[in-house]
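Got a structure for you, written out below as structure tokens; questions coming shortly.
All chains are identified by letter, namely A, B, C, D and E, in their written order; residue positions are counted from 1 within each chain.
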Amino acid sequence: MSDKKIIPAPLANEGLPPDERGLFCDAAPREYEPARGIMEDFANWARSESLWILGFGTGCGAIELRPLMTSRFDMYRYGIQPRPTPRQSSVFVIGGYASVKTLKRIVRSYEQMMGPKFVVALGSCTINGGMYWDSYNTIKRIDQYIPVDVYITGCMPRPEALLAGFQELKKIIRAGRAEGQNEYARNFEWFKANQKKVIKDWNMPDYNW
Amino acid sequence: MEPTLLGRIGYAFLSLFVITNYGLLLIGSMARISAKVQGRVGQPVYQPYIDIIKSSVKRNAISHGIMFYLGPVFRLAGGVGTYMFIPAVFGSVVFRNFSDSGDLLLVMYFIFFGQLGMALGAGEGGHPYSAIGVSRGLAQMTAFEVPFALSVIAVAIQYGTLDINAIVGAQQGGFLNWTLFTNPLAVVAAIIAFLGMSMHNPFSVVIAPQEIPIGPPTEYQANLLGMLQTNRAIFNGAKLVLYMNLFFGGATNILVMVVKTFLIYFINVFVGQAFPRFRTDQSIRFFLGVPTLIGIASVIIAAV
Amino acid sequence: MDIKDFIAPFAVWKRAFEKPFTVKKPIDERPGAPRYRGFHINDADKCVGCGTCEAICMNRAIDLVPVEGRDAKEGDSGLRPRVDYGRCCWCALCVDICPSGSLNMSNEYVWIDSDPDVFRYTPGVEPKPWDGSALGYRRAEGYRLLDGTRVPMPELDHHEAVKSFLELVRGWSREQAEKEADRCVSCGLCIASCPAHMEIPGYIKAVRDGDLETGLRLLYQTNPFPEACGRICTHRCEEACSIGTDGDPVAIRWLKRYIADQVELADYSKALPRKEASSGKRVAIVGAGPGGLSAAYYLALLGHEVTVHEKDEAAGGMLRYGIPEYRLPYPALDKDIGYIESLGVKIERGAPVGEGRSLASLRERFDAVFLSTGLPAAYGLDVPGEKHPRVLDGVAVLAAATRGQVLGLGARVAVVGGGNVAMDAARTALRNGASVDILYRRREEDMPADPDEIREAKAEGARLVEKAIPLEVKDAGGKARFVWNEATMVQKEAGKRPVPEPIPGAIHEEIYDSVISAIGQGPELSYIAEADGVEIRRFKPVVDRDGLATAAGKAPVFAGGDLVNDRKDAISAIADGHRAASAIDRLLSGKGA
Amino acid sequence: MNELAKELAARYGARDWHDRRGDLSSTVVDPIRLHDTLAWLKDSAGYAHLSFATAVDNIERGVFTLTYTVRNHEQGHSLMVHADVDRANPVVDSIHLLWGQGWTYQREMKEWFGIDFPGSPRVDEEFVLEGWEGPPMMRRDFDSLAYSDATYEGRPGRVTHDPATRMQERLYPEAGK
Amino acid sequence: MRRQNEHVIPPETRATPDLSSGKYLVMWQGPQHPGITGNMSLRLVADGDTVVDCETHVGYLHRGFEKLMERRLWMQNFPLVCRIAVPEPDFNEYCYAAALEELAGVTVPEKAVWLRTLSLEMIRLASFLMWIGGQAGAFGHGTIAQWSVTMRDYVLDLFEELSGGRIYHMYIIPGGVRGDVPDGFLDHVLETMQVIKKNLDDIELVMFHNAVFKMRAVGLGYIPPDWVDKYGITGPNARSAGVARDLRKDLGYLAYPQLDFKLITGGRSDAFERAELRLAEMYQSIDLIRQIVARMPKDGPFRERLPNPLHWKIPAGETYVAAECTRGEYGFYVVSDGGDKPRRVAVRGPSYTHAVSVMERLVRGVNIADVAGLMVSLHTYPPEIER
């Protein structure tokens, strides 16, 4: 991969106590240029056929992942499987509404994932707040905080809709349009400002890495 | 005709290539068989390939220092090393690898080596689950090594050699010559240890996702993970070939090897699908109990 | 633990030899259940854009948006619901509540996109793959969140009713009224259809809340005749009512009556706005009907000095003389008029404008004049023998009844016509002991009268003779021999209503003691001189939007009510009066027209 | 149950006994006697099971009404014990020693209403919220929608029309001039 | 295998380990952790492999239902309540509807009573099926979950047919239920019960006659009977401790008094017996569903007409309506001030005690590997803790 991009300035990590700042990484994310031509196509094919979902049930959407993982809908046959650690996962399924407390963990888990990483947003709540539009504790739009590749509307979306969503995600990946990681790096300051606006007790590094 | 050293190296690479692919396909097909038990279709047989490619083409990776890198490298070295000193097919030049007299000792060493290297690397990850996984892994390994070592000793005593090729050779001439029938106790102890070695249920506590999100490899990602996955295929292949050689009469051609190793591996799945997993203390207690006694008995039988 | 515990677990392998549970092609093979709550579908033609779906939606997922090619019209706001699937929770309360039943759900459930802004659409307007889906959630038969049935109105039994002029409709108790008011969804579609644009949802809410003084205040904002309108209004609002699209419309008229009935006249002044300070301007109003008195009320409220000139001996116009007592009892009417008078409106009774008290002289003496003289002159039957002494004028019969005169209609009466006057005349005759035939040129469904009135007239014993074209009235020994030709309905022009054509030879005749002609009325315009500058076209003064007939010369002349409008009902006259009053006020106070 | 009402009245000045349902009654005690009432109900009257504890913000009266619902399983009867505490200074005796789950309810009430229970474990820690800077959110004077609109961005592009206004604009724009 | 008299009762007071000593390992289990039920977290302090202290942290799913309900009309809350406990929405729907009906003085038609009972029993079965997969999975037996979640899916298919929704059924509406049974539905119910029963037999054989499962679960998480009142423990957790309480019997709501079923109790009160007891309750649910289907009234109204939901006002009052859900006492405390919106709605979920106070105490002294299994054996759902 080409590393021509300028490496951004180190982050301040003001949320951390001064004596802990040295313990954490202060590098900001940077963009990665995709490989060219057939190499990238091949890589994208592999990425699309091996989707590892982060096992993090952020909201009620997690309940429809169960049937999907098990024998009735069996997502393994589409190359999709759950993975317990963000380091090894490539897909983050946002299961509906995200409370502020969970959003903090979502951001953290998302940043810990290795790129290219993809986000599938389940349910109405991720699009425009859903039925918790007037709640003091849930965000309305997940795309304010992390980049999203595919939205699946529904409350709850049926497992079939989820499968269809994953197929759509595969198409997007193969077409090379799932560049959420770069988008996040490009608009890092904007995303971070949005995150910090709602996460009032920011006591983690600016970029969890 | 004895090949030159260069030729042997070339053959070893070929052999490694074959065993890697075989290992991957074996994992893929076992996943499909497990899926069948679970009432589903299961992933494609070639899924492990895609997973490895996917892991290798990740755009970024994190590091926790040099030891962290060395973990998978050691592990892979352990896997390759194990395999490199086992003759995969008896009498075959290509699949003879670097087997020579006394290779059994080297193999025993390499089986440990990977695990230890991994422990070092994973410990660097700084993740508590890695640390717990490592301690569990080492503890359990120590436990299953006891019956395994006993049965290997029994075999060594029985055949009077530490040369795997010789052991295989001694088992030729009909299946009744297999260790399976000549010293069944050693085989039983070894098979039970094998269950622990391959970290299938009920001995999967090392990587139990429900408890310690997959344990030692928690922090590994990208090409390091790809390395671990590749190693899994090679290491599995190596262990299977070793078991086949020690206890099931080895293989005179590659087809026999495939069938035998497949069946040996299937024992894992057969048991694994039926049982939940032991806690570490339970599995240690288990290995140090009946299997160890069986192992001792097999040694005694072999000795007298 | 026994040996079974080691053997039995291997029974898992039994499953390996059975068919997998897995659905082969889940997306294709498993459509939503027949009742599945999927994406919305809407029959945009059936929908009236009332916004009840928006009101019930707890997620604020529904917006009402204008739709191309659909403008607002009576009973249809022209808006259609637009659903935001970033909000919807698929609870289908909107389907359950939809008054017209147009909103439903398909069983389609897959909608995926990478653009989060696309998840909203107007069902039934923007085409979607699931349009017209036969399956999907429909509300269960007989199950609605809204009540489609009106609270029954207690009425006199028809046998009792014909015996007297007692009021037929008894009015609701508080409980009944609140129950009926509860049916309203406050969509406000009705407001546009009311000529006076009354604040209908507001006063219905007042009934619900038991806050009748607020209700009364809302009524008087646009209508100073709540007692009268609460009884005899043509209630066009109820035709627009969204609840009426699939059920009985809310009984808006009865609720209005309920409010007015419940508040004592003495308490009116507490609830209603006070008069403004005197402006020193004087306004003359000709005709103390609903139009004239409405204008008088609003002008008086604005501080003007109002004098109403009424030719009859009592105020009220057609409300008093044209509508029988059993529909609008005089005390109720007197309550409305009484309150208007209490504001200082001077009503000169028995003071016709014309000779001696010309319009010109009014324009001299007053700062503005409002004409609301209505349609006092009945049309004749326009057949040979229409001058027969037993051929009576319907309006005159009703007026005579009001005055308490002996009618002497006889035992057998024919009423010719199909309007409300005809029905009222027929029912008045019934109450005088006559047997009544109602003869009408067309069919029952073509009758302009209120369907309730027709139904009640029939229930009280009137015989309806449809498709009867009057030919002649002959004398039969002092009685009238009424001859008519039976007709058949012919569709002459497509899209227009059918026309009755006489069937050759199908001549019928019958002898009646009286024949009451009630086929319409015309204006009486003799008091308007040419010099007044009021342009008259097709027997009507020509007025602008505010009701201004002429501003030239002395005081400006306004006109309203049946005299000028086409609707010819009390509420339109009231609306005209209100509008003219506002215009006069603007003119007089110099705020510009 | 009237004996219990009398007994509670005599012992703890309980008042306003209501039988809500055959198996559900409610009564009111002074907050100062709440702990003793509950302790007696638990230990001596057989009301050993605490179904839940919560508070209602009666802002009009300036009080929080605490509700402790205890159940006597032997008699199949539940009793809701209410106590009004001053909204300006809401402090109540902790019941965490009576029931093992009591402290959780108290933590919840502390965070949601701002009612303090001195001595209750972890009562000052955040319970369900994190980094919350607003007032206790279950108070009636906290407006959830206003907070949400000010804090979380919604998706723009939504506009709605009122049918009646729309019809006025389209059909009789002159009215209301 | 430990025996009952070997049960160690965890200490009541929290340990105060000196974390700076380096002897202890602090780790978070959750929220991003496959071994945690739902989205919550445990802060574990471990000494070696043994947990010495545990703090539960909840609120990751807090949506502020109770606040939102004060902002919505009585009927508008009906779609909202089912979201409080995702795997068992119907108990929310029932408790909320029953509370409203009680306050408003509405009587529900006979048919609705039976349909509600059917709905509650079906979701009980579905929820248990999901739980049993979780319990097996927490000990590493993935096969059971693969089967049982599919069985649960078959129940959800029934719900979809009946109510039009898979997860959120929104079927039990104040006043009755939302729809009559579709044609052939009751037959589908019976067929599905047959399938599930057969599969349950398999699960019973594989999971409950399993040496390893027994070794893991027997003796784990012993709840002494006197904790039941002390901690407000309800449901199978209490019954397993030998305390015979079941609100279906005690309160006799819906059609339960007319159904024939026995209270299942235990006494060993460990994870294994709780699992066994829940399995027995699953069989009982199947039996109850069959009874309900047999006695379902053929005709009759299924919903009482209520006032216009847009203006519905409920007389001032308060009530507490509880029902026996799979985990125990599920209740709604509803206060009306006479307006068109609730004054206060408080939800009592059994996990409130089970997953917090009871869990924190039980986990002391437990092996780290058993934390997930212990938590599942208490059968907890975080969303009902934090609402």
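Just so it is clear, a residue touches a chain if its C-beta (ideal position, glycine included) is under 8 Å from a C-beta of that chain, and two chains touch if they have at least 3 such contacts.
None of the values given here were measured: they were computed from a predicted structure.
**Student:** In this assembly, which chains make contact with chain A and also with chain E?
**Tutor:** B, C, D
**Student:** Among the chains, which one keeps its Cα centre farthest from the Cα centre of chain C?
**Tutor:** In terms of C-alpha centroids, the chain at the greatest distance from chain C is B.
**Student:** Report the chain ID whose CA centroid sits closest to the centroid of the full protein CA set.
**Tutor:** E
**Student:** With chain centres defined as C-alpha means, what is the inter-centre distance between chain C and chain D in Å?
**Tutor:** Spacing between the chain centres: roughly 49 Å.
**Student:** Could you put a whole-Å number on the gap between the CA centroids of chain B and chain C?
**Tutor:** 89
**Student:** Need the CA-centroid distance for the pair chain C / chain E, whole Å please.
**Tutor:** 55
**Student:** How many angstrom lie between the centres of chain A and chain D, each centre taken as the mean Cα position?
**Tutor:** 38
**Student:** Two or more other chains touching the same residue: where does that happen in chain D?
**Tutor:** 128-130, 137, 142, 144-145, 155
**Student:** Provide the list of chain B residues touching at least two other chains, using ranges where the numbers run on.
**Tutor:** 35, 37-41, 209, 213, 273-275
**Student:** Mark out which residues of chain A touch at least two other chains, giving numbers and ranges.
**Tutor:** Counting only residues that touch two or more other chains, chain A contributes 55, 70-72, 74, 77, 84, 101, 127-129, 131, 133-138, 141, 155, 158.
**Student:** Can you give me every chain pair that touches, using the contact definition above?
**Tutor:** A-B, A-C, A-D, A-E, B-C, B-E, C-D, C-E, D-E
**Student:** In the complex formed with chain E, which residues of chain A make contact?
**Tutor:** Touch list, chain A to chain E: 54-60, 62-64, 66-67, 69-72, 82, 84, 86, 97, 99, 101-102, 105, 109, 131-132, 134-138, 155-156, 158.
**Student:** Can you tell me which positions in chain E touch chain D when the two form their complex?
**Tutor:** That would be residues 14, 55, 58-59, 62, 64, 66-68, 70-71, 102, 227-232, 234, 245, 250-251, 317-320, 322, 329, 331, 333, 335, 343-344, 346, 348, 352-353, 356-358, 361, 386 of chain E.
**Student:** Report the residues of chain A in contact with chain D in the complex, numbered from low to high.
**Tutor:** 100-101, 104, 127-129, 133-141, 144, 194, 197-202
**Student:** Tell me, which parts of chain A touch chain B in their complex?
**Tutor:** Going through chain A, the ones touching chain B are 1, 32, 42-43, 46-47, 49-50, 52, 55, 70-72, 74, 76-77, 79, 81, 83-85, 87-88, 90, 114-116, 181, 209.
**Student:** Across the complex, what residues on chain B touch chain C?
**Tutor:** 33, 35-41, 270, 273-275
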